[in-house]
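Look for subunit A in each of the two complexes below; its partner is subunit B in the first and subunit C in the second.
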Partner chain A sequence: MKLNEIQENLNFLYKDGDSNERNILESVDFLKNNKVPNSKIELWKYTSLSSLQGIDFSLDAKEELNQLSITKILQDKDIPLNSIIIPIANGKLMNNSFEADDRFSIEIREIEKLNEYAKNYHPLQSVEFDYFYHLNTVLAQKEIHLQIHKNSDPIQIVLLFISQSDRNSFISPRVRIELEENSNAKIAYKFINLSESEILSNLFSEIVLKQNAILDFYVIEDGLENFQAINNINIVQERDSKLTSNSFTNNTKFIRNFLRLYFTDENCEAILNGLFIGNNKDLIDNHILIEHIKPNCHSNQLYKGILNDSSIGIFNGAILVHPNAQKTNAFQTNRNILTSDLAKIYTKPELEIYADDVKCSHGEATGFIDDEMLFYLRSRGISEENAKKLLLQAFAVDVLNKFQWVEIKEPIESHISANLEV
Partner chain B sequence: MAEQNNLIEEITKSEYKYGFVSNIDQDITPKGLSEEVIHFISQKKNEPDFVLQFRLKAYRAWQKMKEPTWQKVHFPPIDYQDMHYYAAPKSSSKTKTLAEIDPEILDTYQKLGIPLEEQKVLAGVAVDAILDSVSVATTFKEKLQDLGIIFCPISEAIQDYPELVKQYLGSVVPYSDNYFAALNSAVFTDGSFVYIPKGVRCPIELSTYFRINAAQTGQFERTLIIADEGSYVSYLEGCTAPMRDENQLHAAIVELYTHKDAEIKYSTVQNWYPGDKEGRGGIYNFVTKRGLCAGDNSKISWTQVETGSAITWKYPSCILKGDNSIGEFYSVALTNNYQQADTGTKMYHIGKNTRSRIVSKGISAGKGDNSYRGLVRISKSAENSRNYTQCDSLLIGDQCGAHTFPYIEIENKSSIVEHEATTSKISDESIFYLNQRGISTEDAVGLIVNGYAREVIKQLPMEFAVEAQRLLSLSLEGSVG
Partner chain C sequence: MSLLKITNLKANIENKEILNGINLEINSGEIHAIMGPNGSGKTTLASVLTGKKEFQVTDGTVEFDGKNLLEMPPEERARLGLFLAFQYPVEIPGVSNANFLRLALNEKRKYNGLDPIEPAAFFKIMREKAKIAKIEQDFLTRGVNEGFSGGEKKRNEIFQMAILEPKLAILDETDSGLDIDALKIVAEGVNAMRDPSRSFLIITHYQRLLDYIVPDFVHVLFNGRIVLSGTKELALELEEKGYDWIKEEFATA
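And now, the complex of A and B:
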């Protein structure tokens, strides 16, 4: 089934009466009344779905993974083995492949209602109007619910999103994570594609940080051939919670990350780091929406992109400060380097501010490698090629140094130094 | 806080200084828009066929268009059939000298502080004053004619220089460009026309004042400025309108065209009626302004100080087509009470080594909503291009909003684009510092705001800079405690 055929087949996919879950019915309604987004919709202005629309996807990818192949993945891929590894194959949780622990629990549940903060506020950017959120709701039907328990010891979890199929497949992983009061976790979403056919992964994930919770969060999409991903991630932060979000995208055909972050109470903090590297004809789209709803919250974003060959980069970071959110500090920096005349970057940093006692700024800069820096290195006898490589590496490492999870960071660093070519 | 609210109230209560109506006999079409109305306007102005055809094409295109909805300003739907599309002071049809002008019109300008005769002598500014739709007085025309400069109402240019108008009309803003541009192209009544011949540097600053006078008439003027090879002109536009309860639409078009090595500097001080303190009335200022740097090494510079209008919605843009061409945009937009502004610029880099600079300063007070929306597009052919954008917002009071929506599109590797935006309020420390030196809080705010906007105001020609500074302090007086 092609993307634009979904609408006609809704009744076939989902029969009324299948479930009484209201939000599934709402989503069916939405899909009936809306088409697959095109460039006329502001949020999809630069992100063309045309490359996906030609692909005929199957909606029921087979789970062909067993314990053996997982062990093999763990040996092959750079995965921190000292953490709890939860494999999710084609969107389905593989239950028996990890040890239970008193720090967390995981189960399959009915899809929970969207957090009220995620609704209504920003009319245009809200997930409520996101086609792929609704598509995920209809197709996933159930969600994987991960709970990090109250006052528990620090925990490291890797969610391995594995796709494996012998035909073009559309998969819909759905994960909800709740960090209870005073919990502290490092959680990574790592994507692995074993399939030779085309995979379109449409993830929706909601993460709630309760009071005083600390989350160090990673989304790693590295070297995924035949893989296109749409990731909608909503994070809701409650009082005194702290988030560090890190994203790394490299060598993947089509990525759309939409991170929505809601500060629902005072004294929340979020640091968002992102590095994206585009090669060949990759399209990498990072959308961020941060809503400062309550006073005294801080957010700081640093996103950097390197675009090689004829890749396309899109960065859209919106900061919305609500009328009562006084004493807000919100900063955003986006820097990009284009190394090829065929590469393109479209950025749109947005500020929307309704409170007066705030400090907000955004900065954007795009260019090529600085001639003076290059000259400095050349004058010290470094070849032009190596000098450029060094400078690009330095540009990237600036973001990577903010990744605190060493076992995640190191393999990325070595990939980058191996892959960077000018 | 209470003190602050009192002060805000005080300023919002101050009445609009320029609110008065001239009682002049007017020649008005019936309400509504149709092909007949367009034929009527065209006939009334005795236009050649190509202009009529241009209007009709635009009208047909307009009928097929939909009013845009993406803007961040809100207004009740406009009934385009409930408007007069042509209004002309009856007595003005054939005036040649100042003495022949209706004394009441002259009085109107006097109240606005534009003493035509005095200004002629003292400031050396040639004023092409436009009241509603028809130009009523043109000064300094002959002196300019000696240099070969054409500065006249566009309706006159259509009669006298049809070949020039035919060549350039719609060349920068095509009739089908956008909803309001199409509407303007169909019904435009008057505006200014400037042609600077090759190698001529216009010795004086050209100036026009627009007034919207008759109730329920939209003002659709159209300005066309052409700078031929190696020429230079600085053009000033100032706008005020009398007080009205109903909203009035102002959908103008300004087209600038620079040839090789030419430069146009276009400055605007806009102080139209902003509506009363409840947000009733006021002008809708929906203007399409665009300049084309067609030749190499040409330059277009936009400077605007926007303090009036209920809604300001415009993006003075530059198309940098010639190699090494330069585009500049300096803007101060102030919103108070229920005013809304969605303004910014677009810079299209097409030629090699093109440069652009954007400095936008937004000031929001009261319940005002102020948005910067801009586009910087570096196309593939624009090698070694450079853009620098700075947009700052200043918030005064906790009920206003300040927003920025910059679009940055880069399609080659040799260009450098920088964008910076900040939002802040006037810091207590700065106010305290000035208080300490015996300056009242009100004056301190005025000082700080003027300092904040200085970078833009210094781009304005002398006479305008003074007026702009006065306008800023006047509009903001006492809005911070």
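And now, the complex of A and C:
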């Protein structure tokens, strides 16, 4: 089935009576009345889905993964071993492949209603109007629910989203995470594609940080050939909670990350770090929406992009400060380097501020590799190629230095500094 | 033995002729100074010799250590033993001095058929050479020139020169913007590096630096040509009389 054939096949995909879940019924309705988004819609203006439109996806990726292949993945890919590894194969939780621990529980549940704060706030960017959220809801039908227990000791969890299929496949991972009061977790979403066929992964994830919870969160999309992903991630923060979100995208064909963040009570903090590197014809889209709903919250974004070859980068950072959200601090920086005349970046800050006692700023800058710096390095005997690598590494390093999970950061760092050839 | 031989060198930037037939020969172990008023082409000469791409060579040849210098990319010139101490060293945040210099040294060693130097051995060399340029330890781990004062940047150039041990070092107005103490440190660094197998080309506007680095030869550059050559006494004469008489005497040349 192709993307634009979904609408006419809805009755086949979803039979009335499959579920009484109101959420799913709403989503079926949405899909009946809306088409796959195109470039006429502002939120998809630069993110062309046309490369995906032609692919005939199966909705039923059958390939089974066994424990053996998991073990192999753990050896091959840079995955921190002192963590709890939760493999999710083609969107389905692989049971019994990890050890129980009293700090968390995990189960399959009916899809939970969206958090009320995530609904309808920003009129255009709300997930309520996101085609792929609804598509995920209809196709996933159940969700993986991860609960981090209150007052528990710090925990490190890697969710391994593995795709493997012998045919072009559309997969719909659905994960909900709740960090209960006073919990403290490092959680990474790590994508691994073993498939040689095309994979379209359409993830929806809602993460709730209860009072005083601390989350250090990672989304790692690295070296994913034949892989296109749409990741809608909603994060809802309650009072005194702290989030650090870190994203790294490299060598991946098509990525649409849409991170929506809601400060629903006072004294929340969120630091968002992102590094994206496009090669060949990669398209990397980072959309961010931060809603400062209550006073005294702090958000700070630093996203950096390196666009090589004919890759395309998109950064769209919306910050909405509600009338009541006094004493808000909201800062945003996006910097990009284009290393080729064919590479493109579309960057747009969107600040909407309805409170008067706030500190908000944004800065966007895009350029090429600095000729003066390049010449300086070469004049010391460093080859042009190595000099460029050194400068790009330097450009990336201040984002990477903010990644606090060393076992995640180090392989990325060595990846980036790889092959300074001497 | 001739190390550098410049013959009838002409160069343009944006179709404007800056170098207008330079002839200069430097032998191993010699120190040459090039003086001249602003806009005479001093910095252009340094840029052309090191291979800055904005400048087009329209005529002439440059032989360095028996090789055709103008054919080579900047990095190859450096590996052969050419070094430029920049007038305005660029800041490169995020690239540490140590990493950058180890890479530079190892690329040079590889070019010359030597094995790369291990980090521990390299740090030993760095500590030694840091003394020559009177550089603090924390200098080494900081970003290249990042947040350095003018004097620190110039000392860092001398430090890099000490690490890379060039055959010919060009100092492009290294004295500009330095107070007398910083000037002395730079001069002492250069003097510590003097060696029968190493030559220097010192580009300066003022004679002051030449009190501390005594040249074997002094040349006056004007309108893209060397119009006068002599010994260190020529520098003193220029200091005394200024450049106006040069302008008058050679304006039509």
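FYI, the second predicted complex is superposed on the first by the 410 of 422 C-alpha atoms of A that agree within 3 Å, B and C clash if a C-alpha of one lies under 4 Å from a C-alpha of the other, contacts with A are read in each partner's own complex, and residues count from 1 in each chain.
We take it that contacts are C-beta pairs under 8 Å (C-beta built on N, C-alpha and C of every residue); 3 or more make two chains touch, one makes a residue touch a chain.
Nothing here was measured: the structure is a model prediction, and the numbers come from that model.
In the superposed pair of complexes, A:Val397 makes contact with subunit C only, with no contact to subunit B. Of the two partner chains placed by the overlay, only subunit C lies in contact with A:Leu377; subunit B stays clear of it. Between subunit B and subunit C, B touches the greater number of residues of subunit A.
By the touch criterion defined above, A:Asn386 reaches subunit C but does not reach subunit B. On subunit A, the surface touched by subunit B in one complex and the surface touched by subunit C in the other have no residue in common. Residues 50-53, 73-75, 77-79, 83-84, 86, 89-90, 92-95, 99-101, 103-108, 110-111, 116, 143-144, 160, 164 of subunit C touch subunit A in their complex. On subunit A, the positions that touch subunit C within their shared complex are 370, 372-373, 375-384, 386-387, 390-391, 393-395, 397-398, 420, 422.
Within the complex formed with subunit A, the residues of subunit B that make contact are 70, 380, 393, 395-425.
The part of subunit A that touches subunit B in the complex is made up of residues 42, 46, 323, 326, 336, 338-341, 343-368.
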